[in-house]
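The first chain written gets the first letter, and so on, giving A, B, C, D, E and F; residue counts start at 1 in each chain.
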């Protein structure tokens, strides 16, 4: 059995039901999610053993978050219960011309206070085949950036493959550091990067005019880098998007067809589903083409599922690639 | 007032709400449904007196099922309360590229144990103008096949018109008989068949290469057969289908236009709505063309209604044929 | 701060959830709404001080209705608690080919019994910049027609601008008067009319063959009239409509582009959202073109919100005009 | 099989969930109920054939009400679909020191407009063994009073037993007649009266100082009268009541023990459950004592069931009398 | 009309439904509440004009909180929209032997950042007859303590009556000050104190052995002090409590009878309901005895209402004092 | 960390919400539960590592059941996915005089088909400190009886302590064996028995007239037996019970006080909570008295929690023993 380690914050997610706006709500649907744990949960669907590194407050909300991860098949033995609050995000589901809206409320979370300095990460990583991080963790706090670095360095020493979803978020990075002071070191330790032009510009403090420029620079600069992957999304409305994906190695370009998704049940976590599918393909030694196709099908499939997490079997996802999409199964 | 007798199993249907996958659900929407009773419920909307033959366990679940039929206008006086359990089916509603999924759990049901041998069916059928059965009953158990045969033979003796929806289901037929050992006799007693090529092949143990071959064979073989009807469904996604219908007598072909349905609220029971509409048209002596159009409009309309059952007036359904589809009515 | 006075009935609205038909419902979603108060609630989103004139029974339902208006930012100090019941309307949400359906149950309401004769309307209107009425009020009862006239006459004396949404409803006008006996006087006092050909024909007892004829007659007849505005809606299905709007002064025609809305979450109140947006633009001295565009965007946006009321900021609505429609906002 | 005819209005009942006050509600639980139909529904649980006489509007709400009666086992063939609206009542559930609250909104209902003058009631009553009416019907309108009288006179001519629950309601009787102008004639035709001192005083226009006085007067005055029955309720709180019942013939007094009920899930319809139980006992020729005990146990049992209607088997109710109250049954 | 000003934080309250523990919840009921605004909302039920001083973030959650206050009749014109987050509290409802549980998450709220230094409080208070504060505000932050002091000083200068609910909370006071460094000054400016022995000890840094000692000290020390009021609660279980209240002036002791409340629907806000009732009585110049009785009845009544806020009329509450508690009202 | 192995069937539990009777329900609350897994889930609350042996169908329902166990802290690595269906039980919650009602539908489940013959149980049990079984497993099928025996024999060989809850169920034992043909051998391998007189009589085929007789016989016959434990429950109503517990060794009797529980939120699983508490105390080497008290407090606490499973900390449960029962915790 293959093992993956993911690391990152998991938040309590609260959403008005029935397409209500926040002011109309009298109850909120409750979920837990976070980019990297979402990736982990997708992988656990397919028989991968996933351990997630995070921290929660030692109260009922933190314990509920841990229970949620276990329910989704994630090994909870690396969860730290420590000082702080649980991060929150409020999500209003849009429809048609009204976009979905997220209000983050994550300052002071237990995760942001956790730097993992007391852990022997090489010991933890001994049976791990893949590590996945995202650009959200280093953006949260100095400690989270340190935690990420510690784990990536241990992975590097052990020769474990590393993927990173750069995922630049302008409303984070409030702790006094600029992305370009932190991110390059983490990128140096990463083989598979999920990133677009804007991510590269922001994380490197550059001003590339095209994705190609950014891509060339990255392959030149980061010697462990094996591939860059990005998705393209055309937003016709909050309920109707088109999706495709592209993968670049130094010498090869791979693309998928474009998928139209309508209606969108839940757009959140569709990028994480993509990352999960990509890691799965690469981890199972499938071709780049197959891996990328599986990844985009994961993303497409996730749009039909409420919550942050992709819940689907390999067979279900492959059916999308085989053109069987949406027939009733008895 | 016209009277119709329908026969078949009615199951408790359980579905996750809000497009949840099964693993996400903490409650299940509760309904009752079964192909032939769904047909009956549709007919009762339009003033037809419908009696349904079925069996339930003599417990609260069986009594709830009977109450559900009464609520939907069906005469419950032929319901048998007898040994066994209530058949169940679990339905997960799909969306976009994720198809809906049904898990049947109907083995050992009261209906499967009921053969109707103690009933004087000619007496029961005395005031009935039409009998409707489906290929699901003979597929459930030997006793259910016997029950179906008993009723069709009585109908035959009394000259009552009979329609049958062949509806081949590969996951049934587990009681030691093959379809072709049972179905031909039932088809011999049927004037109106709803069936496609695959249904004919499976029910007759044949390997017809085209629907036309199957159709010719059927008209040659089954001397009571007056017409064969089939629907065509193109599945663009779980939320978007196109539908049309076709009716064949020995000398005539009738077709409807193609209707696009989006979004699909509930795809289950749309074939039964079609059968109900068809029987209504024929029973009320409307033209083949009118009957078929009404039938397809019933099916289209049913896609917008949650649950197994078509709930709509003749006027509402005719509006679809008149091109008024979807304007608000005050 | 600008101030607007709106007047009209506010009803308790009751709707089956989950696209249920009425017969399937075991609970009803509860809202309050009424054409003119919906306009007022939209305006209060944007910082306008809105006072609404209406009457409710002095019981828990009437007080709930008042609380609902306050919640939506409306000044409740002109609400009368008086004899009668609360008007009701039952709304079944359609989907695809099944249109939404409204059952009104408003006879004998407190509003219908209220003529405002005890109020010094010139005093009330002293700080008001705009008055909005609709053709529903004069259609409800003689007293409601009188109330409307009293307020429009006071507005006229004070030189306050008046808009009216003619909104002809054939199922009202049951109190012994014909529209053309009542409406022309109210139209004489109105600068901005929202109306189509049918509204003019019904309200004036005419038989114009084209909107243009009606428009010419109106500009010739009503000397205070500054502009006529109408929306065009193409109903592809209950879930998919196309919308545009048109504004006519004596010498100028302004049109918007056509917007496609899919899926429609709630179609009710989309005309009121339009009226709200139009009044806002004109009140804030924006160009006719800008005002009309803002109004149609309000209407488009409202289709995505459950309930009667547009809840959205100026920025959110302008984004629709800027082509950003439906991207997630973090 | 025994047959009972009941007559009376059936209303749509709307209640805030979760012990909310009206102002807090955003949805309303939906039920249908009316005193006499509640009695009929209880009787149908126990195998009695029940036909209910009432009238509904010919719209989706009226049809839903009829479906609800069918679901509860009531024969709907005497329901009239006619002019008017559906009567409504809004019910707020109390708890502890806060009493439940009902707002009636039933003026102008289809039932109030229905006098049954076109029906041959002797024909209808031919196979009926018992007729049950209540004092609510004659209080609603002159037509409802006429309808009641027509049916009681037909029952009298056919020698059918009649029970009446006087059930005086001060907020009705708004149509210009006083109870004592209408009720005595109906009481003359009644064998079994459910009534307390206040009911007698109001219905007869008397001022009896004790129940005994009223009782003596009634037995002296109404020669068909066989028994008077009343319940006693001590209200400790909205959640905790004590109940007992008393039955008087000319020469005999029968009483039950006192039952404590806590918590009360739904207090509405508990008097109707009592009446249903009483009629059942008398109709099945059980002793007065047994009938009264069964009746009070029906009432006790109903307090634990949401909605207007007693839903329970004879065995379940008898268990209360046998002292087995509340153990789990597997 | 009398006017009251209240000041304090209003939080978003989130509770699992159906007596679920936090780990079981998949949705959370949503409410808003805060001790002082709860007092204000109760007062607004009875026709008092209430203005509430607080601060919210300028996002959808802050605007929802303001809408909630308006709905409950509170004048929102003194609400500040400013930097920070909305304070939260998570409430798990207990039952029987399981106590309710609150998790506060209010650090960094907009309210805690607001000191009201830019406001001319004497101007604001010009038409105010009463000011109410609680010991929670000065415990939250230095700024909140300053805000409270500013308002009390202005009230003092204008001779406005002031009530304070000391309400000591050990889990607050985290900003570096001890209660006795802050509270005495605020108490000096207060006429009506709601407090028990523990409150006095903690707020004054004393170690009184009895309430009487504390009371004497308080009357000796705080020269504006007119009365001290406290409630006594005996907790039999989470569902069953007994309540009484006591009021002390320098020369007089007043007590209420003891009320038993079962079941408790929502215990939160029952102290605020008490304070609201007390202020109402005193503000309306009722006797001390009447005021105290009304206050305890408010508290009893609130136990039956979900949410933070007492919603009830003077008549409903007086019925409790008249011994009519829990009978159904039609 | 201590480790416990539990074995037994886990069923999908379906319950009408809101105290509805089955016929009223339109949705069912969904849970999973089974006596022995409930014990395991309680233990996992307190830091015990619990592995549960069971079997599920390899479909979405089986996977949901496994996810539910993981969420509740149970190690799922011994779950078998195999032929059969998921066992079901339908639970109607009673109130007051109406008892709760369970309809089992578990025939043909995957668990009943699983005999564990392919597993090396001594290997599995190597790090286990305690094994818990119940009399339900051997009552389900021959294979389940064999599975139980295999595990108990392995435990015996390894000297692992074993507890068994005899839990006689008359509606099981349908596979052709009598309890006394199967149970004695399992009891021989058990140190801690939870049982009353009826359990002993049924499991041993005896007719003891008193518990004491049964107890003596058991201590004489089963040489590994260390203690017998039983609970006493007095059922005042479905909402109000009294509970106590008693423990007997050969030479010692220990009893708890009696606890009154009102209202009961969910009575199911309260015996399993007791067993869990007892095992915890004994496993942690606490005194018999302490263990028994903790056990009864666990049972009391469980009555307040919806679902099958005790969810509470050691501290929360101990508070019940310390007399703090029901105060709000902030």
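Just so we're on the same page, a residue touches a chain if its C-beta (ideal position, glycine included) is under 8 Å from a C-beta of that chain, and two chains touch if they have at least 3 such contacts.
Please read all numbers here as calculations on a predicted model, not as lab measurements.
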item	value
Steps needed, at fewest, to go from chain C to chain E via touching chains	1
Same-site or different-site touching of chain D by its copy chain E, using the half cut	different
Contact-pair overlap exceeding half with D-F, pair selected from C-D, C-E or E-F	E-F
Distance from the mean Cα position of chain B to that of chain A, given in whole angstrom	45
Between chain D and chain B, distance of the C-alpha-averaged centres to the nearest whole Å	41
Multi-partner residues of chain E (at least 2 other chains)	17, 21, 23, 26, 67, 71, 101, 263
Contact footprint of chain C on chain D as seen in their complex	14, 17, 21-23, 25-31, 59-61, 63-64, 67, 85-86, 88, 90, 92, 101, 103, 105, 107-108
Chain B contact footprint on chain D (complex, rising order)	67-68, 70-73
In the complex, chain C residues that touch chain B	18-21, 23-24, 94-102, 104, 169, 171, 235-240, 263, 267-268
Of chain F, residues touching chain E in the complex	17, 71, 259, 261-265, 300-301, 303-307, 311-312, 316, 319-320, 324-330
